[in-house]
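A quick write-up on the structure given underneath.
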Amino acid sequence: LSELLDKFSNIKAFVLDVDGVLTDGSILVTEDGDQLRSMNIKDGFAMKCAVENGYKICIISGGTSEGVVKRLNKLGISDVFIGVKEKLHVFNDFIQKNNLAANQVAVMGDDVPDLTLLDACGLSTCPYDAVKNVLNKCDYISPVNGGKGCVRDLIEKTMNSQGTWPYNG
Amino acid sequence: LSELLDKFSNIKAFVLDVDGVLTDGSILVTEDGDQLRSMNIKDGFAMKCAVENGYKICIISGGTSEGVVKRLNKLGISDVFIGVKEKLHVFNDFIQKNNLAANQVAVMGDDVPDLTLLDACGLSTCPYDAVKNVLNKCDYISPVNGGKGCVRDLIEKTMNSQGTWPYNG
Amino acid sequence: LSELLDKFSNIKAFVLDVDGVLTDGSILVTEDGDQLRSMNIKDGFAMKCAVENGYKICIISGGTSEGVVKRLNKLGISDVFIGVKEKLHVFNDFIQKNNLAANQVAVMGDDVPDLTLLDACGLSTCPYDAVKNVLNKCDYISPVNGGKGCVRDLIEKTMNSQGTWPYNG
Amino acid sequence: LSELLDKFSNIKAFVLDVDGVLTDGSILVTEDGDQLRSMNIKDGFAMKCAVENGYKICIISGGTSEGVVKRLNKLGISDVFIGVKEKLHVFNDFIQKNNLAANQVAVMGDDVPDLTLLDACGLSTCPYDAVKNVLNKCDYISPVNGGKGCVRDLIEKTMNSQGTWPYNG
C-alpha cells in the first residue's frame, strides 16, 4: 500500500483511453453512421482542474470521434490522439516531448489495446469494469466504472496524495 | 431530525444545479460539438407543480446547454443561468430580487462548484451520488441519484412538509 | 391472488402512459429543443403481438413526441394521444368507441397524472419504479422498471392468463 | 460441462441478433422517426478480432437500422441482414454458402423470434437478461446483459477454448 502511495505521489501526467474509460463503452449509432459518445461531467471537472494545476493530460484512443476531441479541447487538453493503431508509439512521443520519466505517468485503460501502455507507465490503473487481463495487470483498480467518474477518482486521488487538489477541508 | 423538518418547512425557493442533479452527469457529445443532456420527467413534473404553487425556482449551471434552457422555460422556470463562473453572485442576486431570506432557500448540488451555495442557503441538499465533499456538507442527502428524480424527491418532501403537495391522500 | 387472476383474464385492451412506462422517464434534450425518448424493443414486440391477436391498445401521454407517435404507428397502434391534459376524458372516449367495459381495460401508469385512469379501469398496473401514490393504488406492480420491459411483462402475463400468448411451450 | 466445452470447441461461426444482444434493447426515437441504437465497444473489438482470425460472423435482425449496418461493415462484417421476417431462412443460406455444419455455428439471441435459430445451431447462447423462453432453451447463458458485452463474452470464451484468442498470458 505504501508502495502504491509512492507511485501516486510521483505522477505528473495522465494518459487516458476514451472508450470504456472516459465513456461507459457505449456508442450511439446514428443513421448517418456517426458514432456518438457519452462523457461524464465529473471527469471533465477533474481533468480541467489537473491541467490548471500544471499536470499534463494525453488522450490516446483507437476510435475516432470529432465530438470527443472538441469537448476535450474545451477542457484545455491539447494532446488528443484519435484513430491510433500503435498506442505505445504515441505514448513515447508524449513523454519525450514533455520530458517526463515513465514513473511520472499514470495510465488508465480498460481493454487489451491498452496493455502495452499499462506496462510502460509508472502507475497502471483501470475502471472497475475493465476486462480481466487489464484488471490483473493494474496497480490500482478504481472503484468506479468507465464513464461514471473513474478518471475523476484517479485524478482526485493523485492530487490529494500530493496536496494539490484544491477542494478538501 | 426535528431541526431538519424545521428547515424543510421554511423553504419558499429552490436553487438547483444542472449536471449531476437534473441530469446523471452524462453529456452526449455530437460530431458538431453539441453536448446533449438527459433530464427526468419526474423532476420536471415536480418543478412545474412547485412553480404553479408559488415556489420560486432558480437554475444555476456552470455548463451551457440551450436545450436545457428551452425545456426549463417550458416548465415555467424563467430564472435559468448557464455558463456561470461565480455561482454565489447569481444566488445572491436571485434571493435579493425575490425578497427571500437565506433560510427560505433550498439548494441542491452535487460537486465542489456548488459548495459556496450549499453554505449560503437554509437547507443544503444533494443527490445520493454527489461527491464526498458535498455529501459531508449537506443537511439532507436524497436517496435518489442525479437525473433519476432527486429533485422530485426534494420538492415533494418540501411541499409535503408544508401541506402544499396536491397529490396525497 | 385468484381475484387478481380474474382481473387479468377479463382484459381486452391496454391503456398505457409513455414517460416512465414505455420509457425510463429520461428525456434527451437537443440544442433545438427537441425532447427525444428511448423505448424498449421487448415492449414493442409485445404490443405488436397483442394488436395482431385482437387486443386494443391506447396510448395517452401528457408529453409530446412525434417520434414516439411514429414508432407506435409502425407497431400497428393507431390510438396514440399526446399532449393530453385530461387523461380520463380520452380514456372514456376510447372505451366507448370500442364498446369496452371498464373491467376489460388494463391501465399502466407511473405518476400522479395517471391516478384517475388507474381508478377507472379494471386492472390497475405500474412499473416497479412508479411513484409511491401509484404503487399504493395498483392491483399489480410489475417487477420490471419503466422503459425496461414493464409493458412486455403486463401484456405477456395477460395473454398467458388467457392462453393467447403464442410463444409458450 | 465437458459437453458444453465440446460445443464451444467446434464453433467456427457466430450468428447474432441486434436488439437486446448487440444493444440493451433500447431504441432512441428521434422526431424524424429515426430509431437509433447504442452498441458496445467491447463487443466490436471481439467481433473484429474473430473476423481477423478467420471466424465467420452473420448478423440477423428483425429491426432496420442503417447506422448499425455501417458500424458492422466497418468492423469487417459483411453478412448483415436487417428487416428479416424469417430468420431461419437467412441462417440456412448463410451456413450453406460458407460450407458450415450446424454444430460449427453459435447463435446468440434474446427473444422469441430467435428461438428457431437457437434450435438449429450447435451452441445456443443468450445474454443474461434474455426472456424466459430463451433462457430455458440455451446451452450457455452469458453472465453479461445485452449491449453490455455479452458478445465479447461469447467470442472470447469460444476463442479461448480453441486457443485462438490472442490476448491471454
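Quick notes
A, B, C and D label the chains in the order they appear, each numbered from 1.
We take it that a contact is a pair of C-beta atoms (placed from the backbone, for glycine too) under 8 Å apart; a residue touches a chain by one contact, two chains touch by 3 or more.
In this text, all values refer to a predicted model and were calculated from it rather than measured experimentally.
In summary, no chain was found to touch both chain A and chain B. When the CA atoms of chain C are superposed on chain D, the rotation angle comes to 90 degrees, reported as a multiple of 5.
In whole angstrom, the spacing between the mean C-alpha positions of chain B and chain C is 31. Chain centres here are Cα averages; for chain A and chain C they lie 44 Å apart.
Chain contacts: chain A has residues 28, 34 touching two or more partner chains. Shown here, the protein chains touch around one cycle, each chain meeting exactly two partners. Touching chain C in their complex are the following residues of chain D: 19-20, 23, 25-35, 63, 111-113, 115, 131, 133.
Residue ranges on chain D touching chain A, taken from their complex, read 28, 34, 36-42, 44-45, 65-68, 70-71, 147, 149, 152, 167-168.
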